[in-house]
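Chains here go by letter, A, B, C and D, matching the order in which they are written, and residues are numbered from 1 within each.
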Amino acid sequence: MNVGVIGASGYVGGELLRLLIKHPRVDINLATSRRYAGEFVYRIHPNLRGWTKLKFMAFNPSKATDACDLLFIATPHGVSSTFMPEIIETGIRVIDLSADFRLKDPKAYIKWYGWEHSCPELLEKAVYGLPELHRDEIRRGQLIACPGCMAAAAILALAPIAKRGGIEKNRVIVDFKVGSSGGGAKPSLASHHPEHFGVIRPYKPVGHRHTAEIEQELSILSGEKFSVAMSAHAVNIVRGILATCHLFLTEQISVIDVWRIYRQFYGDEPFIRLVREMKGIYRYPDPKVVVGSNYCDIGFELDMDYSRLVLLSALDNLMKGAAGTAVQDMNIIFGWDEKEGLWDLGLHPI
Amino acid sequence: MNVGVIGASGYVGGELLRLLIKHPRVDINLATSRRYAGEFVYRIHPNLRGWTKLKFMAFNPSKATDACDLLFIATPHGVSSTFMPEIIETGIRVIDLSADFRLKDPKAYIKWYGWEHSCPELLEKAVYGLPELHRDEIRRGQLIACPGCMAAAAILALAPIAKRGGIEKNRVIVDFKVGSSGGGAKPSLASHHPEHFGVIRPYKPVGHRHTAEIEQELSILSGEKFSVAMSAHAVNIVRGILATCHLFLTEQISVIDVWRIYRQFYGDEPFIRLVREMKGIYRYPDPKVVVGSNYCDIGFELDMDYSRLVLLSALDNLMKGAAGTAVQDMNIIFGWDEKEGLWDLGLHPI
Amino acid sequence: MNVGVIGASGYVGGELLRLLIKHPRVDINLATSRRYAGEFVYRIHPNLRGWTKLKFMAFNPSKATDACDLLFIATPHGVSSTFMPEIIETGIRVIDLSADFRLKDPKAYIKWYGWEHSCPELLEKAVYGLPELHRDEIRRGQLIACPGCMAAAAILALAPIAKRGGIEKNRVIVDFKVGSSGGGAKPSLASHHPEHFGVIRPYKPVGHRHTAEIEQELSILSGEKFSVAMSAHAVNIVRGILATCHLFLTEQISVIDVWRIYRQFYGDEPFIRLVREMKGIYRYPDPKVVVGSNYCDIGFELDMDYSRLVLLSALDNLMKGAAGTAVQDMNIIFGWDEKEGLWDLGLHPI
Amino acid sequence: MNVGVIGASGYVGGELLRLLIKHPRVDINLATSRRYAGEFVYRIHPNLRGWTKLKFMAFNPSKATDACDLLFIATPHGVSSTFMPEIIETGIRVIDLSADFRLKDPKAYIKWYGWEHSCPELLEKAVYGLPELHRDEIRRGQLIACPGCMAAAAILALAPIAKRGGIEKNRVIVDFKVGSSGGGAKPSLASHHPEHFGVIRPYKPVGHRHTAEIEQELSILSGEKFSVAMSAHAVNIVRGILATCHLFLTEQISVIDVWRIYRQFYGDEPFIRLVREMKGIYRYPDPKVVVGSNYCDIGFELDMDYSRLVLLSALDNLMKGAAGTAVQDMNIIFGWDEKEGLWDLGLHPI
């Protein structure tokens, strides 16, 4: 099976290449980059040295669809919607990791992204590519819109309780701590090592764009408007997200109840681990433990004094938060084992 | 004026020594450590090399009170209450940086610390040593109980709004991100560099002890029970705390209103800076900027969609969160300029 | 094939477990730890959560040899020599990752390790387990002594030039920069995160123990006494070693010559990459790029003004510096593809 | 006394502002930046918030010389030589922190910097501004050329032994490990946090420009050509340099001898500390301990087996490696206490 990566010079593109190179069932026919066209991909992604002779090419839609059976798109937000109709028309399967097709409501793009969507008719067609929620639609879908990294962390932490209820749906807070790779491969003053090292920087205390997709997905599960108030902080790591979700309970609930809700919801999902230990130093999810793996670790604690449920989720923003989920979607689409090319542990210590 | 530091080999003790060595009005007569008695203090606190020939001594209460006009106590929690009555009897001024005299309610020690207080009669006498709230009592007090580092960050962020009201007092969440020095100088597996580097570790998602003092102080200001649901996360830095406070508003409030409330409350407090910029990369408080200084930077954002007020405070846990406030208290006690020995900027970049 | 790991609770032991769990041809029958006997291994190695139900057991030599076809030993230095004769007698294959059988000269243990070797007769029998130098002996060997992590980095950087000559053999300097995981899993003040974070600590400017094995191996290649003056520095990362080797040339040599020497020596070694780029930001070896992989990246630069050759090597101390090489040795012993279970890329960025 | 800072928006400029704001004897009349003209300086240097209302201005030489008694220049290399003659003519004292006037030999600028010097006649007039070597000339000088940060570390480590002799003068190696702030305030891919975090990057294994000034100064002391072969590595910290100097002895020398040589050379230099402890975890110089201070810590070890002397020096590249030395030079020029405005300890832990 031949696949291509459009926008392959960024961090998500590089992670896709890493996974696809190792994937036993696909060949990478195409890796595009406007900026680095003609350059060896290992020059930009130094971990690929010795693993591929591929060079970046400029993107040409018709050539791309000719050469490939499936396209991964990892361009910046606002780009893929400019060429998607042309591509989709050819019938090719597309997994888009940008935000352009995640939201169902065209008006939400004006509110959250500041631009009018150029092909709103495709929004309906697009599938929100989180396997744990939309496996069947992914299998049948032509256009898969992969979740945002922070959205994936929040939705996976909250989905079971959003569906089950028993919490104040307009008092949900998600406090994020994220690594620097989530900001992309383009240098800026904010990402300059002397300025970013050692920060606990509340870079988006309110109004983060991922709110839109989180609320969209959780409202579906909840059956009514489900609000999520986000705050995002940058911390001194490269990979990883921790989402700390604070919820207020409207009814009595026990630790065993929460376990049961989460176990039932996730069953034997291959990439969800429930983590809550009574001893040791890794009693709750910690991004440190999932770096390089496709896991989303989920844990929780009950704060009886305050009727509060604290849900915690940790994932690698480039894996389960982006490229890992995209490859999982591809495996679903082609009917392969969902773990193919993804079945790996994290490193410890790291 | 002669001062002594009891429990001087820990990080708070070391920071006290650093500040007192530079302080123009005091001499350090005494630095005690059970473990390192006989050792030069600069061996343990390498930044003091060349600044003092002082050696650690074993602690002897009567010698300590004889030699000093004021004692700083930086022993582990549960220690100072064992010898405090003997010391207080001599009339000496004491600034205790442990938790032993922060709480007014003796029963709270059983609930939060797990031990019965041995001299509850002193709890009433003790003053909670946060200058911004209790300046006059500190001036007159004999026994000052310095705030916990996370408590200081939360109380300073919340005090003005707790006093003013207009928020849901039982829906307040404070999500903390803290550096490793807050865990003290004693090595453990959790603090082992390979295990602690790169973490976002939710080490205390519920039930943190500082809850008690935060609620005590804010309830006084609020005039009624003020609840604070804490969650504490360890991140990959050494010094610094960021407190992200999430509050739900019960009435309409504007950015200008919040500015006014905070400006009025803090007036010209020397160590409070209000930080909220429309541009640049340090638009909100960030511990990176206050490391080594005695500042508590406070900022905020309004999330109109969710009637949410996000308050942010950043401080250096060893300075404004411990030794800096203790020295500020000493300055108040002796009627000196409050900034004496503390008037310094942070370093940038660091 | 059944294998066991003796001393499985340390970092090298944990990395062995990670690799062996993924290895398609072996089952782990045994993981021993005195300290954690009875505990699930994933409690200590949190990345293994969900991958094994194995528990640590106490070590019993006869049970171990009965249960396994090959034993990996990752105990602290000085331990394996106490039980090795008993084990070796059974004919079992052993790969020892401690220092106990690396040196040929029994007297070297007194000089460098401070203890007399208890079974010097086995030193002759033992094979120094660096595949790039001793592949054939490893295949036939019963007792393989895996190289130290810093020794591996230095030997791989220097072997080709040591063999070829043309440098001052008593003026070789190797300046190491190493991550904290090299110090092992046991906490200490030196490894306490507040004390270790941000260091550039010259913890062993002279007299490092690995000198002995480096000189032993390079002297063999060189055909005469080859001296290496080491200095070791701890830096603010967890995994990785960079060895900077400074050599003075005794004859004219060109960049092309060095390339040729190294290409000829290493041929198509699967885990050696020669890295020297004229552009980009990863022009030379950097441990950041090899974390989690079994590569040793080697690069160089010529300093014509000073007749100096600078050789650089980077590896992951737990992989090519320990467990990765051990598994490579096992693959050689059993005649499997040498890359089996090891054929993986690094992550980027990380 | 009125001073100005030309090129005040970089890290060295910011550090100068920090020191000058605290300095009791000067007022800052001028801080120039082409890029940020009109902007408050605290927007770029967030640690200065609340300490100054100063705004950046565009640079105008005649206005600058009118307004100030002394000018600090912290522009990029190659800039100050374009306007220096015009400024010097007015008789104003100038402390230049760029490389433009550090070298005596005009041809060296072509070799090491790649441009022809536009006012070579001023090179002779300029004083190399390292107080420990040129205190008297600094006092009388009009144009002071402050040392490069790595040069300062190397020269201070090597000066006493270069003067004394007994080492192979053409076999001196200095292996540097440097923090990211040394690369300046301008973002690039190499300094992007995801790319720079966790590196041990040999960014300049040979041919570093500071070689020229190091050899210039040490050759003067040595009385003959003194060669220094440099290699520079970037590590995962922001502030700090460690220079590891490897020298081969030509005569027997003892630890006591080395102590004596260094003590005699440095006498009671206020900012030099000799660090060599037999116990503890900070036995040798470590940049972690000097961050924020003006110290250069110097230590050593003898490697008898190899006739090697290892000299170690640690300093804060923005302090003793730049702005701290510049302020020390100013104090000398004006006859003030040399420690004025600089007499501070480092922070620990940090």
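Here is the rule we use: a residue touches a chain if its C-beta (ideal position, glycine included) is under 8 Å from a C-beta of that chain, and two chains touch if they have at least 3 such contacts.
Given the structure is predicted, the values throughout are model-derived calculations rather than measurements.
**Student:** Between A-B and B-C, which chain pair shares more contacting C-beta pairs?
**Tutor:** A-B
**Student:** Using C-alpha centres only, name the chain that sits farthest from chain B.
**Tutor:** Max centre-to-centre separation from chain B belongs to C.
**Student:** I'd like the Å distance between the centres of chain B and chain D, where a centre is the mean of that chain's Cα atoms.
**Tutor:** It comes to 36 Å between the two C-alpha centres.
**Student:** Just give me the whole-number Å value for how far the CA centre of chain B lies from that of chain C.
**Tutor:** Result: the chain centres lie 46 Å from each other.
**Student:** Measure off the straight-line distance from the CA centroid of chain A to the CA centroid of chain B, and report it in whole Å.
**Tutor:** 38
**Student:** Provide the list of chain D residues touching at least two other chains, using ranges where the numbers run on.
**Tutor:** Within chain D, residues 11, 181, 189, 194, 197-198, 236-238, 282, 286, 291, 349-350 contact more than one other chain.
**Student:** Any idea which chain D residues touch chain B in the complex?
**Tutor:** Going through chain D, the ones touching chain B are 11, 14, 18, 21-22, 43-51, 181, 238-239, 273, 275, 277, 279-280, 282, 286, 289, 291-293, 295, 344-350.
**Student:** Write out the stretch or stretches of chain D touching chain C in their complex.
**Tutor:** 170-171, 173, 175, 177, 189-190, 194-195, 197-203, 205-207, 227, 229, 231, 233, 235-237, 240, 242, 244, 246, 248, 281-282, 284-288, 291, 299, 301-303, 305-306, 308, 310, 312, 314, 349-350
**Student:** For a test of understanding, state which residues of chain C touch chain B in their complex under the given definition.
**Tutor:** 11, 179-181, 183, 185-189, 191-194, 196-198, 236-238
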